[in-house]
Amino acid sequence: MVVSIKASILENKKILPDFYRLKIAVPQISKTAVPGQFVMIKTSSTLDPLLRRPISLHRINRDVGTIELVYQVLGKGTILLSEMVQGELEVMGPLGNGFSWQQSFKRTAIVGGGCGIAPLLTLAEHLIGNGQEVHVLLGAQNKEKLLNEADFKELGCKVLVATDNGSSGRKGFVTEILEELISTTNLDQVYCCGPLPMTNGVIKLTKSKMIPCQVSLEERMACGIGACLGCVCQVRNEDGTIGYKRVCHEGPVFNASELIFEKD
Amino acid sequence: MVVSIKASILENKKILPDFYRLKIAVPQISKTAVPGQFVMIKTSSTLDPLLRRPISLHRINRDVGTIELVYQVLGKGTILLSEMVQGELEVMGPLGNGFSWQQSFKRTAIVGGGCGIAPLLTLAEHLIGNGQEVHVLLGAQNKEKLLNEADFKELGCKVLVATDNGSSGRKGFVTEILEELISTTNLDQVYCCGPLPMTNGVIKLTKSKMIPCQVSLEERMACGIGACLGCVCQVRNEDGTIGYKRVCHEGPVFNASELIFEKD
Amino acid sequence: MTKIAVEIAGIKMKNPVLAASGCYGFGREYNQLYDISRLGGIMTKGTTLEPKLGNPTPRLAETPAGMLNSIGLQNPGVDKVILEEIPWLRTFDVACIVNISGYSIEEFEIIAERLDGVSGVDGLEVNISCPNVKGGGMAFGTDPHTAALVVKRVKAKTKLPLIVKLSPNVTAITEIAKAVENAGADAVSLINTLLGMVIDIKQRKPILANTMGGLSGPAVKPIAVRMVYQVYTAVEIPIIGMGGITTFEDAVEFMLAGASAVAIGAGNFTDPFAPLKVIDGLEKWLEQEGIKDVREIIGGCK
Amino acid sequence: MTKIAVEIAGIKMKNPVLAASGCYGFGREYNQLYDISRLGGIMTKGTTLEPKLGNPTPRLAETPAGMLNSIGLQNPGVDKVILEEIPWLRTFDVACIVNISGYSIEEFEIIAERLDGVSGVDGLEVNISCPNVKGGGMAFGTDPHTAALVVKRVKAKTKLPLIVKLSPNVTAITEIAKAVENAGADAVSLINTLLGMVIDIKQRKPILANTMGGLSGPAVKPIAVRMVYQVYTAVEIPIIGMGGITTFEDAVEFMLAGASAVAIGAGNFTDPFAPLKVIDGLEKWLEQEGIKDVREIIGGCK
């Protein structure tokens, strides 16, 4: 069930030069949330900025009633968010449809890039909990922008890294690692979240190899709950026609097979 | 000289239920400031609220390079200001023309009401320093909204109080006390800052008794420096015609004799 | 007990607070958060004759204390609205006003005809002011003659009360208001969005795929209040005021300016509970001020 | 070295950043804070034939990310401006554009005549868009024919470049822009303020003594950018863009939309150093982007 409430800030800490981890107490959300869902956060008590910011769930700590978010400090809203050291903030969630998996899955791969890595940790946790072999492929501009490598390892995932400048892992794109992995390993499912070019690459690759792929998309949002129709993405309907689905409501996670990318 | 700079917050403390005292380090302002002048304070790092807030100088600590302000928490801007516990804030000042006095003054009275009391403390300090007998008449709604009584006493002023509900001092208006004082004491000058009805009363009284009176006015301000012509008040020019002066530039302190009040 | 019920063009509402068209879908989403029958009314997403996909994305851009949208009237079309949305909405005790848009006067007529007599529909909001559709939309609402013509023709096709939604992108809003009043409008609602644009300086192109979009939110409130105030002096029919309302104080401001009810659009995005807070705040304020009936403050600005 | 000088209607400016009319007096006040010759130009307070007292107070009201003003053209009159302000301003190396307002076309003509040939005056900004004066002001700027007439008649009285200041309170800004271009305007400046209103709910009356006022500041920026973008495609003469600029990013946005220079109004109030920060920020950004001349970005929005 979606709620919109004030939540206490338990921690809001810089974890990398541009990234913060925010932990808030909000049992009403952690209770039902699943990996891939997100929340909308009010970042100001004034009218500027006006809109809430969508941030994915990074960890869902159901037992203690908290959630953790990892966000990149980019503009107005995230700058203000990074300055909130204590007190409460207004948060709405859990929103959207998350990732899904089946009991029968043996081996899956998670591909993440940039701040798109953030929502994948809680996914990995759930997949590992489900007894799968989880390959995690992480991409970033450089070492300083690479999120959560250690956390994934700690969970027991097999982690491979690519950076644009080679400062960590392979120099190059994470899609190259994925291609190699696919050629040597049977994957039941690929999960992907990251910048659009990366997502595009992963979709093409998995399509050509006939591997089911779920991707998490980003779109500018206003309501976050499905009412304003601001955040849509193009999909192919079952009857072959083109339609729109709401990233905030039917998404943010979609089966790659239904998505239409402009540069297909 | 007017400056606009960032100043460190040294203290920002609730001193009465609705009032805060803010101390900032800003030697560039305290160096030249005089009682009755004010500063314009930026209360937000965002675009809402857009305008700076005018606040009078409550204390000018030239020796240590600080100024103190006392402000009432009313709306958007002052609420935000009251939440700034540390760091820096942007401040422009000293602005406007302050109170004036002459070496020859023997006995003066200061009349203050509500948050209009705030700028009068530094005035009293200067007048006392000038060797005068200073009568201070303070008015407020009730005891909880009465500023600085003890501070004025500490300076050696003769303090009399009136509150609307009689919770401190006389029950009634401060103008009544002033009337009595005038009837028993020879005053060289009356200084006044407070709500419009009080200021009006004081002007009428002093006019009828031919006592010179300086009043500090408030008007909504945008630039605070004399450029936008937003904050004017009506004055009688020397040639008898009616004109406007800028509260932020020629004021906020005016000789009562030159002012025209609508309900004169 | 303070009375907060109002009646606009014969539509009874338990309080004067509505959800603005396009910001609230058909109510389903916000009903997850609270019982939507707490509102006075719901103005549905703009409904067209045929299903519409709307504009490409990005469709949203944030601006100082405001936002741009260029949804472009994405909606399932009037038949599906009648079949799938109204029957659901009808189960709630809340006025249902269907916002309709046509690409031609004929389309307006057909939509109005189809909605006439549909159980659960309490009135029509005739959108002659959408800035986000080419050939039609706003063009109907910027010329008094065309505006009047649309209203007259739609009026002939339905017995439902017509609330005509005015565009703020005009030199003289009072002219348009008078024209639609004379043509038979039962009420007017204003303002729709102001045409605006944001450029991404890195990409050197507009943020919105559609280049321009409609500005709404608190940024436009002073313009909206001014227009409500002007229209109040120009026409006799009631006004539903909107544009930047986020608090009960804002709602009171619109009612003092002349609105008989208010609608909340972008305010829902800042705080999904905004409409409820406005209702509660308004009620408390009226009590504090000793006002027995909310209708006493309509047009009360001296 | 990146070039940031521009020339508009023959007026040379060392950079494309001006102070907007009415927000900067004649420069004296801000010259206490920094050397005003760092600006590209100054557009003076609106100057009328006779001295004007302006409107009663309150003249200011704050709004979300914006402000209303109803100054009402308080100024000492053109003769005193020529005698007391221009000689002072002339000593600075900064373009001086005198903003002029008339209550009739004749007044516009006389003011223009008096300023013609006055040493230190580089151009006139013809304000046909002031929302704060009755009988005249905005009325000149909301009808293409009247607007053109004012420009034609003023043009005949002066050799000074004419920058015509457009009102945003119109249905089609491009029509007005085209009309004044055809009538001989050397440039246009936009936008002036949008008519707005704020009501004090405690007092149940407008905050401004004059009821309505002009809205400016960041709140209006998306509208201003849209209008500059539209006008850029409609006319050949250069545009000075303004409306809500507080940062260099904002300035770049206006230039990409089509402005050859920008002016800062309310932004001075938020930060008195805003114009300098915009100039410095713009220069640095151009360097980072590898742009050799600021003029390359004018109208660069795809």
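Lettered A, B, C and D in written order, each chain numbered from 1.
Heads up, the rule we're going with is that a residue touches a chain if its C-beta (ideal position, glycine included) is under 8 Å from a C-beta of that chain, and two chains touch if they have at least 3 such contacts.
All values derive from a computational prediction rather than experimental measurement.
Of all chains in the assembly, those touching chain B and also chain C are A, D.
Hopping across touching chains, the smallest step count from chain A to chain B is 1. Greatest Cα centroid separation from chain A: this falls to B.
Look at where the CA atoms of chain C average out and do the same for chain D: the two points lie 34 Å apart. Chain D has its Cα centroid 35 Å from the Cα centroid of chain B.
Separating the centre of chain A from that of chain D, both taken as means of CA atoms, is a distance of 47 Å.
The residues of chain B that reach two or more other chains are 47-49, listed in rising order. The set of chain D residues touching two or more other chains comprises 61, 63-66, 217-218.
Chain contacts in this assembly form a complete graph, since each chain touches every other chain.
Those residues of chain D whose C-beta lies close enough to touch chain A in the complex are 64-65, 218. Residues of chain A touching chain D in their complex: 47-48. On chain C, the positions that touch chain D within their shared complex are 61, 63-66, 68, 142, 169-171, 194-199, 201, 204-206, 212, 215, 217-223, 225-226, 229, 244, 249, 252-253, 256-257, 297, 300-302. Within the complex formed with chain B, the residues of chain A that make contact are 44-49, 76, 80.
By the touch rule above, chain C contacts chain A in their complex via residues 22-25, 28-30, 32-33, 45, 53-54, 57-67, 69, 71, 74, 217-218, 246, 266, 268-273.
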